[in-house]
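Labels run A, B, C and D following the written order; every chain starts at residue 1.
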């Protein structure tokens, strides 16, 4: 177990180095940070001075190593634009993004698991047809377009829900639906497939032969085994959703780190972009590890090697 | 009073091509402490018969029976909820596939105790004691520590022992074992059968053993029922059936196995040639006729009901041996 | 069943949210801005946002007030002033003014502020605003002398604009970070709460009763929400979440104006749009280095049609590389390039491009303006391919690589009514200069530093004449700012692109 | 090197979810007629034909501006319509119908090109990992994990900023990012195929590796490859739309549906059709590709079992 954890952590660490290295080079291609820091009216001398002060004149790998070294201690430097510490800025905003991500994945699971289960249990029923519609539409609906349509109808025409900001839970309803809906088809598909497979399995027959109530058979014996793959996929989707939060946060004016990364890209605020890429990547790595551990707990056959 | 009395049990399954008739009007009964063996080839309807008894047929299947008496009470029309209370309690079942019949996500202790706590008492400690007692009974060493293990940590033989223990948890009066040894190694097969027979004796239960292995039947059966294509073709006390098989199918089957003391060393084992017929649509006559060495045109139309002999030994051959002999003489 | 509950819950939520809705009912005003990004630090000296200027006018005051309609200079924190020399101004300060934290306003505050911001070590973001100040000295409690490094004719533009007066004791203690978290000034609104990039809560300064020409606040409470997306701003406006936005487009004005309960209007500003050409050949693109080509392009573009159809409002075609109200910006010296595609084709042929050429075209503004220009150019055979980039990335590319042969940009002159704020920025051979004309640079330098306004005007006139006849820039039009607001709001736009939000109250 | 083998459970789930036959095939048949696959194909062919024949179908040049007749209403409106422009005009007076027609070219071009690039990368990596196993598999796993850890959307935006937004850059960026599913699926299918008896036999007979991969393995993976290709094509089209929508995609005046959505946003509350039409086109195309892919999956599955 310990050896496994160490191996996984080492691999995760390597992944983060590669990802951050790539991003670092990419973002340094895009803009001269000295200019961004100096502001519009700076003279050439000012810019040169800043370049030397921050060490932008050194080879990029040295800059990267220095950045990575500090990043490991949680120090991502200062935002060129806001002048604030990047760690502070992200700490203040990550909550919004995480809430949105968690709400969205919960929404997706709450929709997709019951729908998938019912679809598996009662093929051709009305619910199953509804599930079909959800799936076919969900896969083809551009998220941002769906979000805009919701704003038009729910926000402006009917005035049911607040359109922008994050003051109350009501502000999260539309973003959650917009973001969560996209993950629903994949999760539902897997739930249904898993459920059909499990319901036809020998151990479910055993459970029924034991005279267990249908509820126990369904929830204790079938669902647990059927959602094992769903958990793993949900973790992957959670990662995707954090990425997708960029568009959604921008549309709904939710100032999480998705929005922050968009804003930072617009103004070439490299330390912020790098830090957020690294955080998204770390989240993915941690989440997949967590998903594997949860799986190991749900399914004792997956021994933690 | 029989523990189980079945009269004219029929199972129909609608399929794309029409109505499939996998079990057609079969009857039998099991007494306390008695072992009934149902034998036949794959697809003869014996597994469906067992599932029909337990009320575990697939949703699409239609079950009908003139009588389905368990402990003298009709269970054919019991609602699912009441049926569930019988299953695992007074009647339990052991399946063919020990490797997959246990839920991989729970410990065997959990799965053993679960059935006890459902039918007998919610008391966890009592369930645990019972589980340990039975695990020891079925020959599993250090039973207490096994409770915390997961199925994948056990071998196939051990799992089948666990399945047997599970079937015994609530002191059932009837156990239905559907080919409990097919998936196991030959050496372990013998152990498990021996165990089953022993436990049946000890707890004085009725046992229905479903198998295609006549060797097994010869060793433990009190009564034998031979099924072919959804019909009972021969039934009777084990000794009678083995000593003088009457139906050509039974005769064919018996030639396929070496029977201790009967088959001579070096003798060729027979085989039943041909394939099992399609059971979809309207069926009439003897279904074995296309494989039967003695088939005659009358076999296609005549009634194939069982005709019982004086010792309770019955068979369904339309042209029973005396007729065939008579023909041969004529 | 579940659906019903959900619907009911949503409706409740809506009721809850409407109870805090904007509107005249509770004497509050909710403003949305931020389409160009949030203010990074509301400390006036540490941001470069247009909205930073809007914010600063609410919270702080300058020494001098520039009347936004007539451009006259009037007393604000300074009651009167006189020139002691070419390089020294003496200001008599107003008495009885208090900062929001109760600190009394006097010479110490002015001296501290001016000396602090002019010290390069303190890193004020726009050095140009402050680097002309040599020092400030206290004469007595209400008299201050301001010394300039050299004669600086535009000094009042700065003293009435970007240079706001800070409380010395407070600022010395908290610095820019503290000022950002809890701004303190003398202005008509005082800050209750700051949430960076989210919202600012302000309330009326009850002590702003000393007769400031800026006037007292008209509402008791104001909330400013940073909303980057214009559509979201509009959605909020229509749904009643905000009362006013200044970020909308010309088409929105028609649309919102047609919506019952809302008013929208366009107001011309001094923000000057232009097409710049790489005449100096910084990016090694040959065609734009030829005068005939630049002239041809100038004549190929139908600026009138662009203004009438796309910009609208009271925008107009501009012929000067500066805004005509600005000091020195005399239109009569500018060469005018009327729309004449036939002539343009002819010039192109003469320049050796009878079949036109391909050119990269850069902008950061919405693409429709550029697209209309490209369509015009294609009619004379010039195929332009558009690259739309974020503002900062484009500036970066221009200044570092110079590989932008043609670009549609604009400049707001920091709302300063002096052409040095625009022309001198672009034509004095800095990193933004794509003409690199020594003569122009020299004339501009002369105009920027001469104390004599006649000499300045003459020097600027020469620069204008050369820039326009050489077509270093093709000046396009002045931008229009478009406002949409609740019809009950008493709103007045200003040409300097600074809405005075505190002046807007509720009718009736 | 052994340390970096981390094929988390999520790999399998991505592969499984992708290849899981549509649970709704029967239902889908009921709703969309007997052959939804055919329906998808017909829509795709129609859009394809529209793209190819755009110059014949489109009533106007999609680039031709006319400021005097800008923002004309579509035919169903009562005022400000023009028979010349059945679907009205956009904000610089270009014919909206023509732009929609030409938009098919862009979406299909992006979908196909991205799919080709990412398909090549992913297939090479996946087949190599699945066929050779061992260290090759470890390295490929690491690459896949690294790729999955990158927040695609954010990094794609950063890349577009770095290299400048253009059709070519968008295609390249998406192509270089969207190969993960190809790799994961190809890896798992190749692994199964490698253990088939006749493949083993071919190896035992000493056939060369390229021969085995091309002649024995490839026919086995081609079905799944096509399925993944449809998924990724739909994905690429949606991502391009999202990038263009945020202004990080193709450049104006390219008639891309995503960019049209971006431009139409300005009018979303007052001329919603400007937003609805390109959105619906996008939706229809992606829906058709999904239906087609689902149908293909069913066919592949039947053949495979």
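The definition used in the following text is that contacts are C-beta pairs under 8 Å (C-beta built on N, C-alpha and C of every residue); 3 or more make two chains touch, one makes a residue touch a chain.
Just so it is clear, the model here is predicted, and its values are computed rather than measured.
Looking at chain A and chain B, no chain is in contact with each of them.
Take chain C out of the picture and the remaining chains remain, by touching, one piece.
Ranked by distance of CA centroids from chain B, the top chain is C. Two chain pairs are in question, A-D and A-C; the one with more C-beta pairs in contact is A-D.
Remark: the per-chain Cα centre closest to the mean position of all protein Cα atoms belongs to A. Between the Cα centres of chain A and chain D there is a gap of 21 Å.
Note on chain placement: the centre of chain B and the centre of chain C lie 91 Å apart, centres being C-alpha means.
Taking each chain's centre as the average of its CA atoms, chain A and chain C sit 38 Å apart. Chain B and chain D have centres, each the mean of its CA atoms, that are 55 Å apart.
Within chain C, the positions touching two or more other chains are listed as 231, 235, 238, 390, 393.
Multi-chain contact residues of chain A, defined as those touching 2 or more other chains: 30-31, 148, 151-152, 156, 250, 265, 268. Counting partner chains per residue, chain B shows two or more touched chains at no residue at all. By the definition of touch given earlier, these chain pairs are in contact: A-B, A-C, A-D, C-D. Against chain A, the residues of chain D that register as touching in their complex are 3-6, 8-10, 12-14, 16-17, 20, 22-24, 26-28, 31, 142, 145-146, 148-155, 157-159, 161-163, 234, 238, 241-242, 245-246, 248, 261, 265, 268-269, 272, 275-276, 279, 282-284, 286-287, 290-291. By the touch criterion stated above, chain C contacts chain D in their complex at residues 230-231, 234-235, 238, 249, 251-252, 255, 305-306, 308-310, 366-368, 370-372, 374-375, 385-390, 393. Put simply, chain A touches chain B in their complex at residues 201-203, 205-214, 216, 220-221, 224-225, 298-301. Listed in rising order, the residues of chain A touching chain D in the complex are 7-8, 10-12, 14-16, 18-19, 22-23, 26-27, 29-31, 119-120, 123-124, 128-129, 131-132, 135-137, 139-145, 148-149, 151-152, 156, 186, 189-190, 192-193, 196, 229-230, 232-233, 235-236, 239, 242-244, 246-247, 250, 261-262, 265, 268, 273, 276-277, 280-281, 284-285, 288-289, 291-292, 295, 302. Contacts from chain C toward chain A in the complex involve residues 10-11, 13-14, 16-18, 37-38, 40-41, 46, 48, 125-128, 196-198, 225-229, 231-232, 235-236, 238-241, 390-393, 395-396, 399-400, 425, 430-431.
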